[in-house]
Amino acid sequence: MSTTTLPTERAAEPARRRPRIAERLLMSEYLVLALTVLYVLILWPIVPSIATRATMLDVLAAMMPLLVVAIGQTFVLIVAGIDLSAPSILATASVVGASMMTDDGGFALASGIPILAGIVAFVAVGLLIGLFNGLCTTRLGMPAFIVTLTTMMFFSGFALFYTAALTDDGSSFGDLPASFVAIGQGTVAGVPYSLGVAAVVMGVAHLVLSRTVFGRWLYAIGRNPRAAAISGVPVRRAVTWAFVISGLCAAIASVLYTGRLETGTPVLGQRILLDIVGSAVIGGVSLFGGTGKVTQTLYGVLFLSVVDKGLQLLGLDLASVFAIKGLVILLAAVLDALRRRLILRA
Amino acid sequence: MNDTEAQPAFFAAEGLCKSFFGVQVLHDMTFSLHPGQVLGLVGENGSGKSTTMNIMGGVLPMDAGRMTLDGADYRPRGPRDAESRGIAFIHQELNLFRNLTVAENLFIAGFPKLARGLPFIDRAKVRVRTQELLSSVDLDVAPNTPVSRLSQGERQLVEIAKALGSNARIIIFDEPTTSLTTREIERLFDIIGRLRRQGIAIIYISHILGDVLRLCDDIVVLRDGHRVGRAPRAEMTVERMISLMVGRTIDQIYPPRDPPMSPGAPVLEVRGLSQRGIVKNIGFDLRAGEVLGLSGLMGAGRSELARILFGMDPHETGQVRVGSTAMTTLSPANCMAHGMAFLTEDRRAEGLMMEASIADNVALASLPQFGRTWMRLIDRTRLGDEVARVSASVQIKAPDLQRTLVKNLSGGNQQKAVIGKWLLHKPSVFILDEPTRGIDVGAKYEVYKIVNRLAAEGAGVLFISSEIEELTGMCDRILVMAHGEIRAEFARAAFDREAILRAAMWHGIKEVA
Amino acid sequence: MIARGVPGNRTTLFLLQNTPVLLFIVLIVGFGMMSPRFLSLVNFVNIVVQAAHIGIIAIGMTFVLLVGGIDLSVGANMYVVAAVLGLFLQDLPLSVSFPLVIAIGVSFGWVNSWFITRLRVPAFIVTLSTLFVGRGLALYFSGNKMVGFSPSVLSLGRASYLGVPSAIWAFAIVFVVAWLTLSQTTFGRQVYAVGADPEASAKAGIDVRRILVAVYCIAGGCAAIGGLVSLSQVAVASSTFGFQKEFPVIAATVLGGTSLFGGRGGVLGTVFGAVLIQTVENGLVMTNADPYLYPLVISAIIFIAVLVDSSRSAILERLERRQIRVERG
Amino acid sequence: MNMTRRTLTVGALMAAAAGLPIMVKAEGTKTVALLFDSLVSPFWVSGIEIMRQKAKAKGWTTLENISNFDDNKQFEQVKAMISRKVDGILIIQTDAKAVIPAIRAANEANIPMVHFNRPPAKSDAYSVAIQADNRKIMQDTVSFLVDEAKKQGGKYKAVILIGDLGDVNAIQRRDGFFDVVNKNKDIIDVVGRVATEWNADKAFAGLTNAIQANPDVNFLVTSSDFLHPQIEQVLKSADKWHKRGEPGHVLFGGFDGDEGAYARLQDGYLDACGVQNLFLEVDMAFGAFEDLWAGKKPDKLLLDPGFVITQASLADKREDMWGYTVWKKMQKAG
């Protein structure tokens, strides 16, 4: 590769300045961020409302649950796994948690602390499904892809089953307590709570991945699991934890989504699997493990959310929405591939 | 011998030169081949053997010089091109597909078809051809045996059969015996003898100089990219090869070692360790300050023993004490907690994270030591300092510890990174499995110095090596394994290369008797 | 060596190796006891007919997984084919339209492979984006409307030749061609080689890029054929046609024993996997089970099958362990 | 580098092209957002087309968004429409409860919101919902079929195709079906409940299996007409596709009133169809907007009574059946 491109590079020597700037942008970690800005700039003349403060706040508030669940996914991707069950955790936690707090089910109403009990239920669902995924992967040696594919199918079905069994209309849990709804909708000084929750999750995740022993272990496992095991890294335990964290993050995201929609619904997040994995990958997290940062996932989520918001503002028909979304993702991926090549050459 | 010399050379290389990144690694290399000739190529790592062969096999282009084949210019465009011209290259790491059968591996580049215009494989023809090829290398397995079922030696024979199948006239062997059992080596040599009688020329690269001397008609010695000698077998001895290769006498290869005045307390005690089919009734002590060698042929169970000791493979019976602790369970984490360290023989697959920086690699085994608070936040300043200190002490040569990726380092520096990883962990028992494999003379010397220093500081070192030379140069005591058992023990005063080899060949000798 | 490693474990090994089949038999017996009609020949034909479109697409997916790739865009590809067929059939006869839309399916796969091989974008992300683009294109072609088809297409779906329904013919033909291709041609064996080790394959003189392009084209073609089979049965293509079909397709393939990491598996297993899933669905309907339980039961059965498969591989791996280690030396 | 620049250019062009169809909002006209959750059946496709036409006739501009059954995404779409300061939001939500925050957001922004075909759950938020009386229409349809059955005599084995179990309309129609059938257990035995998830191939496979299990099924109701083609396929394969009056005819009831239903009524295969009056519903919805703009406050739920159309009443009632209009247009087009 490098041998064939060398001559052209030399030929381009006089015109060095211009490619250099593009090259630096292309090679920077902030490529996706730059693309987001570019996208906004392109849409600005067509829909000026994309650049208003209200829209930006909207995007920020809306992307938080996705960000939280994508951060959980990042942990699993770093150890070269994948967690396809995240949407089903969103749904199952949503209905189980909501059933604690409403008249349908109402398991925790008598406890006097229904909201706390509800949140505990959310978290417990996430932790348990995550633990199950982790143990199957590490102890039974099953591929993460297929374990989480089956848990996705199972718990998506379970959420529907659970809802049908407990609610009158069989479709969802409504009438959630106002103080619970506030978690998803409330604001403090114009800043949504969900932003705070996501910021805490992001901060902790960033700290864990970049600064703790556990974080370093995850990267080591993703890069070379055998070398990690020989170096005393408790590989199975760490991988199990990665899945548990993914489950926990999905549960937290489920709290945010459920509060936001004021409804515990079994179809929550059923269509966002590709958004979850896609945003991490677009941000630069590798599917093959060993690399990826929380900030990259943040950029990926921001990118997808802004793309979606732009398409919503345009109010186009479904065909264009799909086509543009796909092309934009592809464009980001192609640029990323080019970037990798440039880095290799450098 | 006379009949081969009578034939004219059909391949010649003249004045081959090659540079990497401005450093010339091959100077003016010249040699020629007759049909049926076996040419030995020896030299330390980095002396230019592989570069020469890679040029010949079409893997690398040459910077200057010329090669001729049958009198015509030969300038291969790639490995395929070289192969089609009759030059086959059997790499040290075999190029076989474990998920396919023997026959499929032989024909993977293009199967014979059932009929013109039909895409289907003529299975019958494949079977017949495979059987022919396999019988020409004396390999008695069914053509539809999956390669994953074959031993390493059998796989090597499959590679040779593949070369024959492509009508190779020159076959290059790169360190073919490193992973073969004694019997497999004998079989390989028989085959090579047969090939030469068919008029196929062989280039044989090996570190095992005795083999080279036994097998080759002519021997070319390389050092630092220069051809420093060429002579027919009759004029060559092992000693002469070595002095040509290293340019100095053997004493200088190993740093002076001062054996400990009095043996220290045992840091590792092994009693009655067995695992069916792997090792049997192993018992020995390793003392503080001691460098204990472990010798034996490939397949004798040396590496397997090391892996069991470090808890990577299971064992059925036996006790292991590390320091004053009787180990109840052996696992890497547990062994490390008691001060053990293990440098594996395969540094790419098991020692290093190739895509990570030197600093990340060096830190890997010791991370918990740098964790603070309940979150185990890493004390980055202290870790950075310690990594820098250790890296300096093992003399890793790299521009930036935090940025340089391990995959961009030379073999020697990579090995130093692995050693650095374990030194940071401050081991009291250090198991080194082939620590100098694939690294150059200078780096070897530095590794030896580190080993000596470790021992001087009171650690016990278990030094595993295939090279008896190296063991006698480095160790205070040598254990010899054969067929999964410890067969002999030699104190430094009684080191005798021949006796060690004899003990290692125990199984073979018994068979002969 | 293997014999030495497991003295007397042959029965266990045999059971382990055939557990998917055993599981299948258990299921059939179980459903048969609950609903006698389940065991009829007609019902079995039914199961295969219903499994046909997933099975055909999964056969294409098998090629992709064998080289260590993945194709998430098969469902979108199906929809593109359906939408375009709707347009073609306004002017062209079936005999022309069918080959044309299959060619379009193949080109869809070719586009995927272009990004994967030329620009080195990971297959996951390429096919994720073409999934969106494909659905967008299909919606455009269909004008957001449900695509209906002429009675000729539908009668094709109901037709039988020699007493065998057309869907089974299509399934069988695709299977036989795929099986022959994988096991009896140079190309097929090279697919396995590339999946096991792309670098070694290049060294061995295999045109790796050509193989990759071909497998994605095959996956595209199979998605098109599967789409046509599905169409000829369900008679219309709404905007959710083929939506999220990638999941059952991959599940069937993996259930059939094809590894997601390349080099291991085959189309016979895939056919088995597709039929197994459909057998469970059919059995549930036959026994008039609560619809809410379907996904629970199906996923549990896939889980068990994969669990058994992976513990089997773990045992086999343990048996080969020593050799694996020596090889690295 | 060349490659990069080219790709960027392509990207820019693509985005620009995407922007072209957006018309500059003319001064003084009303802009209405049409937020659908899918266009999966002809009902929705026709619905959005009728809305586009009627809006155009009134001189309104429309913006569209499809949520693809994702409640959260639809909430985002509502917010986006609020950002664009539209004059009214017509919404078809997936979940009755999950839409409440969206109503609140619209209330806060003072933008009228009208639910089309699916009402929201009860809440303090204000919006107007237009809904077909699903349960009632289905009851009427099934009652007609049961009466037919009684007339013909004998016992009946029934199968119902149920919609997505997460969709209120599907649930209401199912309930309407069982309301009637359960009262007539003596002659109707429900032997199959096919969960279609509003998915054509699930419906096809499920019905095939159900008929396989009970070959003597002779009473069939679908919760939506868009599944007719699959039903026809299955019944043909089972040799059960016969006209009314012919031996072997399956009593067949539909719901929605699309063009396929009209054709099958006309050809004699379908006995009865519960029709949602789509034209009326669109008029009601747009009327609600106009009332709201005028400061009036219509009731929270406006019901489209719908009607049952049978082969006997086809000629009288077909003008009100939206499927007939579509069918007529298709006939004209060839």
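As written, the chains take the letters A, B, C and D, and residue 1 is the first residue of each chain.
Everything below uses one rule, namely that a contact is a pair of C-beta atoms (placed from the backbone, for glycine too) under 8 Å apart; a residue touches a chain by one contact, two chains touch by 3 or more.
Please read these numbers as outputs of a predicted model, since none were measured by experiment.
Fewest steps needed to get from chain B to chain D, stepping only to touching chains, is 2. Averaging C-alpha coordinates per chain and comparing to chain C, the farthest chain turns out to be B. Note on chain placement: the centre of chain A and the centre of chain B lie 45 Å apart, centres being C-alpha means. Chain centres here are Cα averages; for chain A and chain C they lie 28 Å apart.
Averaging C-alpha coordinates per chain places the centre of chain C 33 Å away from that of chain D.
Counting partner chains per residue, chain D has residues 39, 165 touching two or more of them.
In chain A, the positions touching at least two other chains are 160, 164, 317-318, 320-321, 324, 327, 334, 338. Multi-chain contact residues of chain B (touching two or more other chains) are listed as 349.
Taken together, the touching pairs give a contact graph of some other shape, not a line, ring, star or complete one. Of all possible chain pairings, those that touch are A-B, A-C, A-D, B-C, C-D.
Of all residues in chain B, only 310, 312, 332-333, 336-337, 342, 344, 349-356, 360, 363-365, 367-368, 370-371, 375-378, 380, 421 touch chain A in the complex they form.
Contact residues on chain B toward chain C in their complex (touch as defined above): 79-80, 83, 95-100, 104, 107-111, 113, 119-121, 123, 148-149, 151-152, 155, 178-179, 277-278, 298-299, 303-304, 307, 313, 345-346, 349. Taken in their complex, chain D has these residues touching chain C: 38-42, 45, 48, 162, 165, 191-195, 198-201, 203-206, 208-210, 212-213, 226, 229-230, 232-233, 236-237, 260. Chain C meets chain D in the complex at residues 35, 37-38, 42-43, 46, 49-50, 53, 144-146, 148, 154, 157-158, 230, 233-241, 278, 281-282, 285-286, 288, 291-292, 294. The residues of chain D lying in touch with chain A in their complex are 1, 3-5, 7, 10-12, 14-16, 18-19, 21-22, 33, 39, 62-66, 68-73, 75-77, 79-81, 83-85, 94-98, 100-101, 121, 165-168, 171.
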